[in-house]
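Chain naming follows the written order as A, B, C and D, and within any one chain the residues start at number 1.
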Amino acid sequence: MKEPLSREAMATRVGIELEDGFYVNLGIGMPMLVAEHILPGRRVLFQAENGVLGVGPYPSEDAIDPDLGNAGDQDITLVPGACTFDSIISFGMIVGGHLDVTVLGAFQVSAKGDLANWKLPQRTVGSYGGAMDLAVGAKRVIALMQHVTRDGDPRVVTSCSYPLTAPQCVSMIVTDLAVIDVLPEGLLLREVAPGWTAAEVQERTEAPLIVDRVKEWKTI
Amino acid sequence: MAHDKIEKSCEEAVADIGDGASVMVGGFSGRGTPSNLLLALRARGLKDLIIIRNDASGGWKNPIDIDILLEAGQVKKVVTCFAVFGSPKKISALEQAVLDGRTELELVPQGTLAERIRAGGAGIGAFYTPVGVGTLAAEGKEVRDIGGREMLLEHALTADFSLIKAHRSDRIGNLVYRRSTCNFNPHMAMAAKTTICEAENIVETGEIDPDLVMTPSIFVHRVVHVPRSAS
Amino acid sequence: MKEPLSREAMATRVGIELEDGFYVNLGIGMPMLVAEHILPGRRVLFQAENGVLGVGPYPSEDAIDPDLGNAGDQDITLVPGACTFDSIISFGMIVGGHLDVTVLGAFQVSAKGDLANWKLPQRTVGSYGGAMDLAVGAKRVIALMQHVTRDGDPRVVTSCSYPLTAPQCVSMIVTDLAVIDVLPEGLLLREVAPGWTAAEVQERTEAPLIVDRVKEWKTI
Amino acid sequence: MAHDKIEKSCEEAVADIGDGASVMVGGFSGRGTPSNLLLALRARGLKDLIIIRNDASGGWKNPIDIDILLEAGQVKKVVTCFAVFGSPKKISALEQAVLDGRTELELVPQGTLAERIRAGGAGIGAFYTPVGVGTLAAEGKEVRDIGGREMLLEHALTADFSLIKAHRSDRIGNLVYRRSTCNFNPHMAMAAKTTICEAENIVETGEIDPDLVMTPSIFVHRVVHVPRSAS
């Protein structure tokens, strides 16, 4: 039976984009999985916007440092070469354009690369967190999300109906069905999940996809 | 006393905070949060407080944060970037207070919040940032082309009091933070008329290497010793 | 014979203004003398705008630390409780209104408290240094200068003819002849140097002085 | 190499700086000034450099500073706060170059200079400061009432390169400064496309306590080891 890709497979695909020596921020939630899928031989330093550069694996129970967490309030460790700092240095790093990549979860991404990831429309109140800063500041924004909602509605849309995090900021979308590049001429369907066709992906996508250059799903 | 800013208790340290005061609260969830000062503040039974703080979404793992003020109905307004939990199933104390019309919320992107606090402490009146352009965060704000890029005008934030937490303080209030407990604390220290610090360790003045001081004593007015075991 | 006060006496007079626990920046030149004239029992922490809080006495030859100087590039020492920091923290301290007092040298001060201290009019090029920041930012600005120029021209003037450092910033003027408060209603001659009269000081002052409350020169 | 940013020599480290480049130079007089990088830069024999630097008034006690570039006629423009000596009898290299019409001078108050550099590194486009209102520093600038106080609009500064100096660096460019050598170095590190650091000591990556790093490695692209005795 044809299945969408697992979260692990999606994280693995994003991992391929993170080059040796990159400085990267991973958003709260699924993007954090990417940390475990860096290609062998590559060294990537992960930033947490609460003030850490060089986030390491989660600690064992007896190695927890209560003074050390990530932006999702998880206990973390540090890698050699890590440093900690205040929120001003942290967001100077983010908004000043110093991060090579940020990987952010998303509710919707539009054909122009608009990102909506901070508030469900039916909710009165939302949380910006650091998402707007990351979306505007990082050199490259990768959106990582399921291709459709639980109700089957497309998340890659002509125009976002959810409140925006930032307009025209996403350069690549990775979902459980596809890898899509956001180009000036439109959304380029670059890869489809094994077993799926471009037509099937387009069916589940509101925005029109450019499908003349589709390749196989990239693996390690 | 200028040479010895150590207060006897959290209660004494917050004794002059009054109704309607604006109060910055350091920390990011539980890390770097002055929980004992918050408990002492709640015990004052004040009303109409204005709270400026990174997160107000129910404290994740942190048992004591600004929720205790919100739940006690002491807060008129909150300026923050984390107002609700990610999941709509869990309602935060702030969300409930906003839905009930008891508390006003000013939602600010995290970096803009940090930058506005820094501006307040550094004498900068306002600044242009690209963050928030084309979103709800731009509502009612001036948008201007700065060097070919659209930016929002954002204004400085200051407060009557800052409640912060440090790993170590000397007697005149030179502070050192540890790991990710630093976050908003150093810049909130600069942005308030009166800055009150809960410090896990107190050392004699002169014991901290001058290069390693993270918040100079000039920004700190009162220090309370709250050892980690007690906090 | 009647002499103007010495630089030491002027510095001593300013020292009386610096209260226990104050944080103070002393400008380059004569103001730096004030550090040696703090009243006994008072502890004042001196800031240097290149990034030092807690400037101590000048070091002996063998105690010089080449990494440690003040804003005038003099070798210094540190007092207990001192700290060092970058220019952004330093000027955040200054412009953010955290310093209790700055003592600045001056070419001219006007009746409204305008300060001119950065450029001689006959020079094409000048240096702002940190003077504008200090004049605008400190809670209180004390101008310390000779009462007249070498040519005998008054330095306390109706309106500055030299380029301004900042308008309406000086609250007190200490010269070798007088102590003058800058008040909304005008310049109040508070003290005159021993042996001098208010009339003699007014003769050497362009701006009108309020002379109905003159007291003796304050000493320790 | 991202894991090892150590360059073999100052010459190699500055080899791609070209004519017309904008270059920030850290330090305050001699303290924290990357003199060996400046010597290597002069040896390139470039023209039309734009230099951003705290002081250009002849180096007080510092034998090697940006004067060596000015005297070699390599500088088109200088942005600084100290342009001349206090005494009119001594003419600084910059003063002479300005009087001769060889070099353009943009004089900026010291705190505004620091703030403009910080803005450049932090993605802030411009800001309002009370410093300079009612003076020659306000010429041609927008004045605006911000919160009841007149302020000047000042714009961010960035550069192609920053030349900075540190006391210690690890192999990936985490930096530590000592005493008053810190000054402009950390914020210049953030404000340039390429930041090159002259470090007195090199340690292995992981040897600097994460709390004590003053400039995170992300801001530093090249490091040259110049032991103190050789500088």
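Just so we're on the same page, a contact is a pair of C-beta atoms (placed from the backbone, for glycine too) under 8 Å apart; a residue touches a chain by one contact, two chains touch by 3 or more.
Given the structure is predicted, the values throughout are model-derived calculations rather than measurements.
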{"item": "Neighbouring chains common to chain A and chain B, by label", "value": "D"}
{"item": "Geometric centre distance via CA averages, chain D-chain B, whole Å", "value": "33"}
{"item": "CA centroid of chain B to CA centroid of chain C, Å", "value": "35"}
{"item": "Geometric centre distance via CA averages, chain C-chain A, whole Å", "value": "56"}
{"item": "Junction residues of chain D, two or more chains touched", "value": "115, 118, 122-124, 129-131, 177-179, 210-211"}
{"item": "Sequence positions of chain C contacting 2 or more other chains", "value": "84-85, 88, 91, 94-95, 136-137"}
{"item": "Touch relationships between chains, expressed as pairs", "value": "A-B, A-D, B-C, B-D, C-D"}
{"item": "Of all residues in chain D, those that touch chain A in their complex", "value": "1-3, 118, 120-124, 170-172, 174, 190, 205-206, 208, 210-211, 213, 216-219"}
{"item": "Touching residues (chain side chain A, partner chain D) in the complex", "value": "20-23, 43, 45, 47, 53-54, 78, 80-85, 88-89, 91-99, 136-137"}
{"item": "Interface residues, chain A side, partner chain B - complex", "value": "28-29, 48-52, 65-71, 73, 84-88, 90-91, 94-95, 120, 122-133, 136-137, 163-167"}
{"item": "Touching residues (chain side chain D, partner chain B) in the complex", "value": "115, 119, 122-131, 146-147, 149, 151, 155-156, 176-179, 210-212"}
{"item": "Interface residues, chain B side, partner chain A - complex", "value": "28-31, 54, 57, 60-62, 81-86, 88, 94-95, 98-99, 105, 107-112, 114-115, 118, 129-137, 167, 177-187, 214"}
